[in-house]
Amino acid sequence: MSTVTRRDIVSFAGVLAAGLSRTAAAQQSEPAPGADRARAPRTTSRAADLTDAELQAMFERCSNWGRWGADDELGTMNYVTAAKRLAAAQLVTTGEVVSIGRDISKTQSKVDARPVQHMVMYNANGPAIGDYVSIAPHGMTITHLDALCHFSVDDTLYNGRKRAGTVTADGAQWGSIYALRAGIFTRGVLLDVAAARGVSWYESNEYVTVADFEAAEKRQNVRVESGDVILVRTGMESMEQARGLQDTYPRAGLHAECAEWMHQREVAVYGGDCIEKLPYPSERFTSAIHMIVLVAMGLPILDWPALTTLAATCARLDRYSFLLTAAPMRLPGGTSSPVNPLCVF
Amino acid sequence: MSTVTRRDIVSFAGVLAAGLSRTAAAQQSEPAPGADRARAPRTTSRAADLTDAELQAMFERCSNWGRWGADDELGTMNYVTAAKRLAAAQLVTTGEVVSIGRDISKTQSKVDARPVQHMVMYNANGPAIGDYVSIAPHGMTITHLDALCHFSVDDTLYNGRKRAGTVTADGAQWGSIYALRAGIFTRGVLLDVAAARGVSWYESNEYVTVADFEAAEKRQNVRVESGDVILVRTGMESMEQARGLQDTYPRAGLHAECAEWMHQREVAVYGGDCIEKLPYPSERFTSAIHMIVLVAMGLPILDWPALTTLAATCARLDRYSFLLTAAPMRLPGGTSSPVNPLCVF
Amino acid sequence: MSTVTRRDIVSFAGVLAAGLSRTAAAQQSEPAPGADRARAPRTTSRAADLTDAELQAMFERCSNWGRWGADDELGTMNYVTAAKRLAAAQLVTTGEVVSIGRDISKTQSKVDARPVQHMVMYNANGPAIGDYVSIAPHGMTITHLDALCHFSVDDTLYNGRKRAGTVTADGAQWGSIYALRAGIFTRGVLLDVAAARGVSWYESNEYVTVADFEAAEKRQNVRVESGDVILVRTGMESMEQARGLQDTYPRAGLHAECAEWMHQREVAVYGGDCIEKLPYPSERFTSAIHMIVLVAMGLPILDWPALTTLAATCARLDRYSFLLTAAPMRLPGGTSSPVNPLCVF
Amino acid sequence: MSTVTRRDIVSFAGVLAAGLSRTAAAQQSEPAPGADRARAPRTTSRAADLTDAELQAMFERCSNWGRWGADDELGTMNYVTAAKRLAAAQLVTTGEVVSIGRDISKTQSKVDARPVQHMVMYNANGPAIGDYVSIAPHGMTITHLDALCHFSVDDTLYNGRKRAGTVTADGAQWGSIYALRAGIFTRGVLLDVAAARGVSWYESNEYVTVADFEAAEKRQNVRVESGDVILVRTGMESMEQARGLQDTYPRAGLHAECAEWMHQREVAVYGGDCIEKLPYPSERFTSAIHMIVLVAMGLPILDWPALTTLAATCARLDRYSFLLTAAPMRLPGGTSSPVNPLCVF
């Protein structure tokens, strides 16, 4: 695996954006990709990991390029129709609300080299105080929404737009978070794959597979449908509570096959306490989920929701679907936005 | 009017936080307060402007200190019960959604001396791009939610908490935006006072009064109730479209009597394309609305929603109430958060 | 000692600006001031610590208000005449240069809650890269120059200027770092008080006194003169190398009597690996050195130069005076600027 | 000329870093390169503009790769020996000092899309105030020093180091501004080419040539020598005073032949109120000066010194050489640093 490829793996999770400390990266021993594939637990529903050629074929099968027009920037958010929103609102039966944003940390850590900076401004003892915040939403600590432009494959963004000429240091002129300015208001479904597997958490070398998704559906008596936001819980927060902050990789995460399942089910947004398996055993699709989901499908990712309270609420109420709403900042050119999604029961 | 008082007036709208250029401030001719009172159109429901003593009495009448316990940080958000949220969800009948966040500008202007800075980070041509945003939400351009700690009276915050010892350069340890982390999910009511008055916009020296509120209610056949978010439209956006950016003051805005009306109606959140009348003719309550609403009542303010599309939608559907939802960043210590509220019909 | 006073002590060193973590502050046991005075090593040349009244009298004796005109913003930099600069240049005999700036850290620590943030910007693989830096120079990690406006006494700045009305959230309109835009180019003198005392470092509860200054002068065969920059070395870097980062206080530092000595010797700038003794045993002059030096005398402080290599160079060459040059950013309104001073032999 | 090439031209001056507004870029009519070459005033000492092949040959002739060792990061700063510094100090004869830093602007403009942000932090009315500055030094407004890593050719930096693997979003691990931490202390020479040509300023379509350099030397009776900093004055500040801010390009600037002259004369640092001619008529060396000077020669560039006062001082004293000193922030990984150079006579 070349240096470039290794760096790409790190960057896939936006760790590049967060400026992960070199120390953390250096702590990793660098297994040969083959060795890694061999060692990884075989819990996928496939006989073996996908080859680059198979992933390329999946990329093409999952492609929504042109599906909603050549200028479409909404991608799978097109599945969220007015009727879908109406139905989602009707899921509210008690008015109980659970915020699934994580508390914003201002502390540098091994998963957050460039933490939020926050300061209150001088007011000469006047009656008002104001503040200033700087924030790099990508990375592994802030609950945020990935814009479709966050990833490219062969320097090409969702819907076939070339990244060069579209993105500058000032922002993305297409496929930015601004495209999602009307927000998300749809049905959310929690897939508690940790509970379905009967574990407190997925270990960092384990995959989440389609079989896990479907086991959770079955256990929870729910079926993911067109326009849903799915929230996948592997128990990462529990693991961190027990063991402290974990390294950025290896990390438990989705097997690439989950992308195709989301495509088939017409999922609108993916969120989870994991993203894809890290490192992902592919030379070309080093960030298989991000690359297929964001670039081929045009499916925004909701990174790092807090799912512990939500899972407890779902278990208590024995219902795993609810209204989910979130809206990014209307930031032209943004590759992301912090969000604080609300789940309403 | 002393220099300090004049500065306080400027600061009341968070303009201090936004770092309003001195030039803009200097452009103002400085009328004596008496002259200003005389000149201001007399459209309030009161015979005359309120004296400082009357405002102090109103402050005390409107006080919710202790009402929900000595440690309460939610203030009027306590009016938003689960039942209220359920009822709000049931207002959704078509699934049409209107985002009322304003587009975030990165351009310095006379109303925004410290604009958002945004940059995409270097990635050595890797597949991912990430970004960084710095933002000072207060001021007159960004749609944001004011935390209760944003204002003080006699260095005292809502519920009687002393500001000294509570607020540092790092943030507020009490009454911060973090207290509102569960978000807003309730009924929203547009009060289109410009339409009710039959004007395109309020001129910058005009007050919005209780009579205007009630005229809008009557015209729109709606009544503001406990737990509602009210959104007051004076037509500011129309004026700016016609005339360009306006000075930060004088500005049309609420007469202080509106605060007491909100108290009586048990409004949860106030939002508008104006805030209070600027400058406000009081030596002590230079920011009468902010001071009474945030400090006495504990009522969060939703500054600078975009109301043009919302008003058109309400007019088209002939309904002025809807589900409104918004959630601030979970930023410990924040005095504010940018938000992008959704109105769902 | 009241809470406010305690906070002021913390803030005196610009720790407020650096956003010292509450944890670090909380680790301090809070001795009664009397107890503290009793416990502090008695190594000053005075029989006892100075009372507030004595410090007030010293403040007045050291005052340069009006000395160089009512509008003077240069303070003791007035001692650096063209003749002084010429003489300083003539000190260069070998051309050996020692940079005494500290490396800028991007790592959060107990002495730096708000570290420098640095990022390279996206360039779409173009030939150029550019970067962005955010920096809060005050605190205990960055080598920086304090502007005269950094401190006030009774809300009054150097030369009697009122702080209210002069300073806003946007900067100081008077006494800012911009006043020092012509830079520093004068004789520097190292006072290696650790060497003079025969210790590797001053312990954190020890004072640097006038006797120490004069012992260093005698040992080094040098005499501090009008217009000099003095650099005082207590061995703080050696202590940190041996023991790791130290708490922000208690810290070894100057006894207030050193301020008066600097006044008598007409020192232009004070720099050191310490500043004043922390905490300083005074209710009123909780930051005695900053308050007397910046406010009364108008003497800029060069915080946190790196002195280990300089001391070794001076020892090797057996000369303790040299040309010192540094120039702050020409930042209108700044309370500080990072600098990288050069000492040329 | 391809889109990429056009963008590169813009970026060459660090305009990418400064985030030049698209509007400004769009205002440019886009002449074919050939047309541009034909139109440009023929004042170079060459018969015609250099072809890409000639520039490539010049790049190779000017290369210092390996000259000072494979790990050298100092480049032409190696010319500044201790003897050179001593001689520079001896140039000081009167002690008169001229700061050639430009005042830092906080105002967005057509040459500065991402201006410095500066704010004073809250202190609850304590005696100290501190501040925070964010700064993107590249671009056309801030006096700054370019690190050698600022430019690459074929993704290769000075001394043959590959950029990929060396530079991340967090900074450059080699060839950064940190390599220049010992600062600049050497002879400075002003080349007032505007005066030598007898014009108030160079028009924006004019080149500065070797003939101009040598005419200035002759007129000023000075000869540029090994280890000098040269400061080239085209009168840009005079033009801006007369006409207001100019577009970022076209701009007067150095013909590429000047790079080779600097190589022959062993110039240590180039500074000027211009950099290279913009746009530069080359497909490959779109930023010929930056590419040859930074990458081939390893010669740091001092961008945007203020030269009006310096030129007046030189004229008054009839001497064009002086001690020049400047020191960048010791920022590991930085591609630049703001500096405030001092010229001492």
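The letters A, B, C and D name the chains in turn, as written, and every chain counts its residues from 1.
Rule of thumb we're sticking to: a residue touches a chain if its C-beta (ideal position, glycine included) is under 8 Å from a C-beta of that chain, and two chains touch if they have at least 3 such contacts.
All values reported here derive from a predicted model rather than from experimental measurement.
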* Asked: Among the remaining chains, which ones contact both chain B and chain C?
  -> A, D
* Structure fact -> Max Cα-centre separation from chain C goes to chain A
* To do: Go ahead and note the Å separation of the Cα centroids belonging to chain C and chain D.
  => 33
* To do: Would you mind pulling out the distance in Å between where the CA atoms of chain A average out and where those of chain C do?
  => 48
* Residues within chain D bordering two or more other chains -> 4, 7, 16-17, 19, 114, 119-125, 129-130, 132, 134, 136, 163-164, 167-170
* **chain A-touching residues of chain B, taken from the complex the two chains share** => 4, 7-8, 11-12, 14, 16-19, 81-87, 89-90, 92-97, 99, 101-104, 106, 114, 116, 118-121, 123-139, 143, 149-153, 155, 163, 167-172, 178, 181-183, 185, 286-287, 290-291, 323, 325-336, 338-342, 344
* Structure fact -> chain B residues touching chain C in their complex are 3-4, 7, 16-17, 19, 22, 113, 119-125, 129, 132, 134, 164-165, 168-170
* Structure fact -> Given the complex, residues on chain B that touch chain D span 19, 107-108, 114-115, 117, 119, 121-125, 130, 134, 136, 163-165, 167-169
